[in-house]
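Please go over the structures that come below.
Below are two complexes that have subunit A in common, paired first with subunit B and then with subunit C.
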Partner chain A sequence: MRRLSLAAGVSLAVFTLAAPLFLERGTLNDVWSLAFAVILASAWNILGGFAGQVSLGYSAFLGIGAYTTVLLSLKGMDPFLSLPIGAVLAAIFSVAIGLPAFRLRGPYFTIATIGVGEAVRVCASSVSFTGGSSGLRMPAGSFDFTRNYEAMAVLAILTVVVAALVKRSAFGQALAAIKQDIDAAEALGVNSTRFKLGAHALSAAIVALAGSLYAINFQYIAPGSVFDFRLSLSIVLMPIVGGVGTIAGPVLGALVFSTLQIKLLSIPALRDSYLFIYGTLLIVVMLFEPKGILGLLRRVFNRRLRRFYADA
Partner chain B sequence: MPEPILRVKALKKRFGGLLALSDVSFSVAEGEIYGVIGPNGAGKTTLFSCLVGSLPPTSGSIRFRGREIAGLPNHAVVKRGLVRTHQIVRPFRDMTVEANVSIGAHFGAGKRRGADARGRVAAILERTGLGARAGSLAMALPIGDLKRLEIARALATEPAVLCLDEVMGGLNPSEIVAAMSLIRAIRDSGLTVLMIEHHVHAVAGVTDRMLVLNFGEMIAEGVPRDVLQHPEVVTAYLGDDAGAA
Partner chain C sequence: MQDIAGVLVNSVISAALYATMAYGLAVIYGVMRIINLAHAGLMMLGAYATFSLFTRFGLDPFLSLLVVGPLFFLFGVVLYRLVVRRLPRSGATPSMESLLLLFGVWLVLQNFAYFIWTGDTQSILTAYTMKSVAVLGVRVGVPSLFVFAGSVLSLVFLNVVLKTTYLGKAIRAVTQNRDAALLAGVDADSISAVAFGLGTAFAGVAGGMLSTLYAFTPDFGRSFLLKAFCIIVLGGMESVTGVAAGALVLAFLENGLSAWTTLPTSFQDAVSFTLLFVTLVAFPQGLPGLFARLRTAFR
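For the complex of A and B:
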């Protein structure tokens, strides 16, 4: 199973990188959306999946990346050079939120993050340098789909690799201990606040990078798009449906999610129903297979493997 | 006389209107096995929680290796070499026994990484009799092994003082004998041991000195033979009639 998912991951990575050679623009756009979804899901999973800290405020980091890029581009900076600045700002903001919010546990933490996400949206709508609720447009001539696609594809692959490295490291082990029993982790010397802040900052920075690329690609951002609560919700749903806390799970969830969204968006009557359908999927997953699609695949695969050995 | 490794002075812990610990003072010398006994609700576990910082003491002083540690967070106290086990075992259930112990090796006072940590973990698993269980998930272990896992994880943090909270509770007589010899072996390897035990005779057989708590107050301290004959201790354990008899 391990080798199988590694092979699938590598093929997916190669496909994503090579896609511009043989796919037409419209389909390539869909692959771009897929890469975007993979980044958001895998990055969220570092804090939400590995450390069990379910945050519903991730649109804040996406928006910080997006706004940083648009604002700096309007000042004449190369949009791509603004990416690391947005990432650093998002990481700093994540620590500022995390210091008070990580004192809360379980659902209380989650509720606090909803508040933070909404507060950021309201702030962005009411101050003037963000263009208020009407949003901001990128300067003319900043659109470059080929470059954007390449950056998004590379970032998606790097995010999955980083998540896999984190999971295997001592840092990942500390996060796993925090997820299972935070007091027992502390009792063995794990500084839980520091590790949670670290995981939060890392995932916030990655999400901000994706947010910058999003802004460059869509050329226009507004609080209602990048700070949308539904976006925060989708970021959480993908890893949960795919298999929370794993490496392949968020990727699978992102695949399902972005495919579903693309298909539904093309049917006008169902345009706004994707969250409803996704919510139903979430309930089904929670009830029947809390380990997500990946857990389901593992069960099926193990059964077939057992049958294979029984027959042999 | 050398400075004691742990010196507790006028330690107090209040939960609202309840004084869980009032003016507890004692010292533990390096290399000692020091017992803490008392009836249910006497404040024994609260005392341990205050020592390691998982509960902040209301007032009082805790000097460990010559430095004040009262009020430090739990993880910081562990990194200085004072660690506890939990009476109700708290394994990381979805992790293997080996991974459980390596958390202590990575983040305790030793801060070991890589092969160094793995070697240390393997040695501790052997020593605590969990060698054959290294690859099992913690959730699959019987209670005796889970108690040993608590000790193994605490040892992996490389403490100078190990606080054991009722590690013999729920064990059968032959397991108690094994636990007592493990505790002696831990002391002989250079550690200082504090132990809470419900089982008075088990603790009397292994400790050098002991402290008796009742309703948060110290009622006796000294070598086990004297302490167990102390009239207040007899009363606390057996009731007034027995004390009069």
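For the complex of A and C:
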């Protein structure tokens, strides 16, 4: 099973990197969205899945990355050079938010993060240097979609690799302990706040990088687009639907979601029912298979395997 | 510059409404250890139900609360029986599954509202919407006064139910200790259904009252959910007086800041959120914890 998923992952990575060679622009755009979704889902999963701290405020980090890139580019900086700055800013912000918010446990933390997202969006639309609610445009310059695409693809692959490394490391073990029983983890000497802050900062930085690349590709950002609650929402839904706390789950969830979104957007009648679909998906997953699609696949696969051995 | 009486009167009026919103959340939390994220969606639906009764049948928004309340109670019971009951039961702290499940319910409700009432901003305009009267020398809008009366009535109703009926006793028993209540012969499942219905009814009534004060869209309710949550964190989840005190503190801060500072109104919603964070950092036990600490400090 593990070897199988590794092979699937590597071939997916190779396909994504080589896609510009044989895919036309329209399809490539869809793969770009997929890579974007994979980054967001896998990064969120580091805190939300591995450590079990479900945050609904991740659009804040995306927005920080996007705004940093646009503002610095307007000052004359190369957009790609601004990427690390946005990531560092997002990480700092995540720690500032996390210090009070991680005093809360479970659902209380989640609700507080809704507040973070709201507050950031309100601030971004009210202050002047962000261009207010009308948003900001990137300075006119060379626009190279293939380069933007490759950057997003590389980041997506790196994110999945980083997530896999984190899961296997001592760091990941500590996060898993926090998820299972935070009091027991504390009793064993795990400084839960420090590990949660670390996971938060890492995932925030990755999401900010994706936000920067988003801004570079779309050339225009506004609080209504990058700080949208719907964005925070889909960031959470993808890993949960795919299989929370795993490596392949968020990728699977992102795959399902971006296909769904592309298909939904092309049908005018269904365009306005995405909330219904997201909501129903969430209800169904929570009631019937909290481990998501991956959990379902595993169950089916295991049953097949068991039957196979029983027959043999 | 507004005088202190104005801020106080307005604070008491909004506090009553805030307490109504927060109680709905608190009853459900108490009995089931679930944080009802769908509360926001239910408030929004309450606003639209009132709106529809007003535009279709010309029913006064405050009279329609008598329809909305029971209707939402039934809706809550059905929601509990169909969906919420199937969840694995939360332990001492609410489970993540319940939170996400009810989040899903909220999304479905939102989409339902978009489908029926579209995304246009709606508001209810009655003959008295723009009228105001003087209370203690302060001009107060007539709808606000009605909202105050409606909130006080619903809070009194809830307290009478909780204090004098068997049902109320059972709800309090399950809140205190579910297993002990079960041993004493309380049908905890039915009580949970009733509690969920009550919480939903309170959300609907609060939403109906909000609709007379604010314009609303299907996205309505998120900032009020945050306010209700802030009140509960401030006042403690289980104490009735705590919720009232938390509501007063939040309402006073909001009104005071808008009267005495030049804070733009778009930041008004951020008050509850900032208060939430300050509470968590400075006194995570909420107001009861703060008072306990003050008492020991000044002894």
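Here is the rule we use: the second predicted complex is superposed on the first by the 311 of 312 C-alpha atoms of A that agree within 3 Å, B and C clash if a C-alpha of one lies under 4 Å from a C-alpha of the other, contacts with A are read in each partner's own complex, and residues count from 1 in each chain.
What we mean here is this: a contact is a pair of C-beta atoms (placed from the backbone, for glycine too) under 8 Å apart; a residue touches a chain by one contact, two chains touch by 3 or more.
Every value quoted in this text rests on a predicted model; they were computed, and no experiment measured them.
Overlaying the two complexes via subunit A leaves subunit B and subunit C side by side, clear of any clash. By the touch criterion defined above, A:181 reaches subunit B but does not reach subunit C.
With chain A as the common frame, subunit A serves as the apex of an angle whose CA-centre rays point to subunit B and subunit C; its value is 70 degrees, to a multiple of 10.
Residue contacts after overlaying the shared chain place A:126 against subunit C, while subunit B stays out of touching range.
Once the two structures are overlaid, the count of subunit A residues touched is higher for C than for its counterpart among subunit B and subunit C. When the two structures are aligned on the shared chain, A:189 is found in touch with subunit B, with no touch to subunit C.
Once chain A of one complex is fitted onto chain A of the other, the partner contacts of A:173 are limited to subunit B, with no touch recorded for subunit C. By the touch criterion defined above, A:287 reaches subunit C but does not reach subunit B. Fitting both structures onto chain A leaves subunit B and subunit C with a minimum C-alpha separation of 7 Å. Subunit A uses no single residue to touch subunit B in one structure and subunit C in the other. On the subunit A side of its complex with subunit C, the touching residues are 52, 54, 99-101, 103-108, 110-112, 114-116, 118-119, 122-123, 125-126, 229, 233, 240, 272-276, 278-283, 286-287, 290.
Those residues of subunit A that touch subunit B in the complex are listed here as 170, 173-174, 176-177, 180-181, 183-192. For subunit B in complex with subunit A, the residues that touch the partner chain are 52, 54, 73-76, 78-79, 83-84, 86, 90-95, 99, 102-104, 106-109, 113, 153-154, 156-157.
Of all residues in subunit C, those touching subunit A in their complex are 35, 37, 83, 86-87, 93-101, 103-112, 114-115, 222-223, 225-226, 229, 233, 264, 266-267, 269-270, 272-274, 276-277, 280-281, 284.
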